[in-house]
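Structures given as structure tokens follow.
Okay, so subunit A shows up in both of these, paired with subunit B first and subunit C after.
Moving on to the complex of A and B:
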């Protein structure tokens, strides 16, 4: 009798556990969620696939072949060559401009956000609440709304149509500051700072040698955000810049696209598409390389240890 | 023949310019910025900034610089059409970074002229150019007594049609708009994938069609403006086009989109009634359709008539903010009435100058793309047949920007084009009055 009662209990054991307990190690399978995620995956990858496929077509092929499959010709390399040399190689110039704006703009914005966030998180000073309110308020104001007033101000200062008119506004990242602030508050134990001071380290040294490594995941996160924002920045340069020699890639590609819509203009959709592919490559590479720092940064501070 | 006509023309023009320039010298001496005699200014040299999106402006500037040692011209593509107008407005409002010259489409020119953003170049020699340009573009650059630019190109309309498609289905190329509607039905019935044309509501096309029908919805006298879309011409267009929209005979594709180029290439868009500058776009945009397309005169409202209208086209204007208007004008004249015209023609542009439109060389040119047809004969005839007296609003850029909220609704919902035109009229009147015009 006893043996018969024991055996079924053993066999139902795992089945019961499977039905009842869902831990992070044993997630429940949901067909609905799988389908939804699948749809989202296709939705986000399809444009990319379209872009890659169509970058291999000539202008004539683009209009005569099916959009999601390859055409008669494989013109990827000649397209890339043409993109880089069309109109005296202006694309290369735009690429360099974008790099300049990203290095100085996003780099500067990150540096300022790190310094500011650290200061706000770890030091007490009068008016801190005011700064907090300002930063939170600034996050809510879209950059687009400020573009025209900024243009008029910069115009008075004679800065429009220069790279500075794009770089200086990019330096300000309220969201980055806020992120670094909360990150620094969690990631740097105040005791550690006290210990460093006790050991005789100056403020600068404490920051550079002790805090910076701790802040690394947060810095990468902010850097990625500001990089993407600057890389994709469109409206601000559109308003500020008139000289195609200073255009970033976004404006340049748009100018190429607009060319098809004018009398006497040459339609170069194949170059626009190839240019778009070349434009996203650096961002994809940056994401792949910085991914692990970024992921660890996202979760920091979420669990009290 | 052509070359000599052009040089004589230019010489007279220059002589006139010198006289007028001397006169202008006394008038504008206080404005500073060196001499007011264009020719002297050109010899003296200087720097100019030109905002233009047209690809032929760059080679014209190069040719000018080659002929004038001390002159440096920077050609900047500050965007096309509306983008550039916004940039220009911004620069004018900010008071800095305004170019010396800007390319401006005819429909937008009154807006800048009345805003006193453009210089009146009649005293600088433009007054002497009367008769140099075809009437449509020439009247388009004039506002009241002033001349606010010189025509770069023009867009007399013609019917571009895919001959292969028409032949395949044995349908005649329509000569009247009624026949056009019939052809639309026949084509779509023969092959449901074929549409007579594409249209999703286009302000420029609509106004051009009303223009050809003899309508004159806009009358402008200084700041007194009348807007009336109930006249015969407007009604004729609205009623005819309504049939096409209602029966879904026009492809719901916006012009200049990649879908549009695709439709022009694969024959699903069978005709375009559009400006004479279109051949260049055909050649570069849909090279695969070479040989399929032909050009015919624009369909007529009454049988046997030969009325046409302008569609698009742009002028170049000297800005009021320019510090060297004399030099700017000298370049402008070079570009639009001098040697620049030939450079534009070589670049595939369509001229606005009478001498070129009438030249044997131009008319007898056979277009390979259009199956060897002498398309310029049709296009030049159209330039001569443009209905006179058309006026655009002094705030046409704004009016066009709200076209799709009003008339455009007829293409996507149950409202009619007539209702849409009435809405457009009301919205334009309200805006005009808000801007300080007297509109009714």
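Moving on to the complex of A and C:
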């Protein structure tokens, strides 16, 4: 058994179990620990279950039936239909806006972070320390300090109330830059770069053909995190946008919810709840399908000492 | 980055970088210069820095500029030096807001990070049935927008037709209203905890997975038990991640905006326009047109956050030496 100690952690044979008591792979399962962790699991999932159950109810049932169980009616599909068509299909418009902000904002942010992170990891250039200090110093300033001046600046440039006012600030993800920086430093052997250069490949070509494939897990991770940030963004559009036609889903849902409180406003809580479900589904699906990639990217990049 | 205020995790990205410096400088993402110094690196870093200058550096500079002026309907804009700062110093509403987020910070952050750490250790111990299911399920709330999370919990908090109301009806009791003025801060704390336990758990868990197995084997040979392994190996190994998560959470608390602002519609009496410093700055600008004073409040909060983040980072990293 002693020779097996050099075996990498994941390739454990059954006989190793007892020999490696605390290693994370195959120790004894504990029902007690599972139940205790189960409490946190229930806490995490219960509100989502509540949301799903209540998306199947009519507004009347919403008020009259027990929150964690189905009502008399099963109105999920009529709710979805109503959500998509209410107010001339404004929800669909918000969905499209959100997609636009995510594709351009998160996509752009990822592209800038990948380029910048690679540049910082693999080049030594004049002003590199300055770049580091500036980015670190500036990101420590909370968004609060930036919101108002950014709004005033953008308003003087005529950008407020346009999609650009949401997209442009979304383009910078310092976390993405940092993640790509650490990731590129690990994932790309410097020897490989030297070899490519020796063969006469230009910097752009070396990057596109040799480095990009190696950076893929890091790119997926950064993309997912910038996607969530853009998809879930509320504060920035709240400040920048007045015209509901440019709202993202988050702002639109809140407007629907607030509608009940306004004088003469129609209460449409069933649509708020169904709209909320439709809002979270794409992100949940993206996380589930890509989890293999983003988890390895996160483990390799963000938190390693 | 304006985006960052909207949600704690968006604040996270921002500050994640604020912290890693310690990790980055000590561990160093670049172990050695990849090649001789040349300008070609700028070709890659340039685009980022250009946009960064527009959405980060320019607004900061503009904010500082705004904070030393006063704009009046009659008389226009005049230079007032530190007058706005002096006003902030004696502003009871700002102090009240600051007190509120400090209380929030002292209670919510330890609870959230404690739960996240315990779950991460449980997952890493390998003793759970269905580990992957646990990991992904507990992380899931992170994908839910703050707006949706707050609306959802807001509905559930309802004493009339929410879960709280259901329980009251079913058991014939009268639970306290979570949206009453004395409980609303805790209600917000619960929402924020729900949103970010999974995210922090994942950060801790990823860090735990990078610990080399040889350390556990050595500990086993020395006869160390589970708790000793956790105390002597696991916790020290993930100190960097712990410090990072703590700093994000502090910044998230100071920037608290979305949850109270959305809950305001449900609890207008419990949540004032100056409930948190961020809400106050927002109200000053967009309802009050007091841009100069709002910029001052924002800068004060920015400086305060930076100082606290810096202190936590220093204290957290010191023992490593």
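The rule we apply is simple: the second predicted complex is superposed on the first by the 266 of 305 C-alpha atoms of A that agree within 3 Å, B and C clash if a C-alpha of one lies under 4 Å from a C-alpha of the other, contacts with A are read in each partner's own complex, and residues count from 1 in each chain.
FYI, contacts are C-beta pairs under 8 Å (C-beta built on N, C-alpha and C of every residue); 3 or more make two chains touch, one makes a residue touch a chain.
Predicted model, so just to flag it, every value in this text is computed and none were measured.
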item	value
First, second, both or neither for A:255, with subunit B first and subunit C second	first
Touching partner for A:30 - first (subunit B), second (subunit C), both, neither	second
First, second, both or neither for A:151, with subunit B first and subunit C second	both
Subunit B versus subunit C as contact partner of A:185, first or second or both or neither	second
First, second, both or neither for A:63, with subunit B first and subunit C second	both
Partner touching more residues of subunit A, whether subunit B or subunit C	C
Subunit B versus subunit C as contact partner of A:263, first or second or both or neither	first
Touching partner for A:244 - first (subunit B), second (subunit C), both, neither	first
Shared subunit A contacts, counted only where both subunit B and subunit C touch the same residue	62-64, 148, 151-152, 238-239, 258, 261, 269
Touch list for subunit B against partner subunit A, complex	51, 53-56, 76-81, 83, 87, 90-91, 93-97, 153, 155, 255-256, 258, 261-262, 265-266, 275, 277-278, 280-281, 284-288, 312-313, 347-349
Complex contact set, residues of subunit A against subunit B	59-60, 62-64, 148, 151-152, 155-156, 158, 160-161, 238-239, 242-244, 255, 258-267, 269
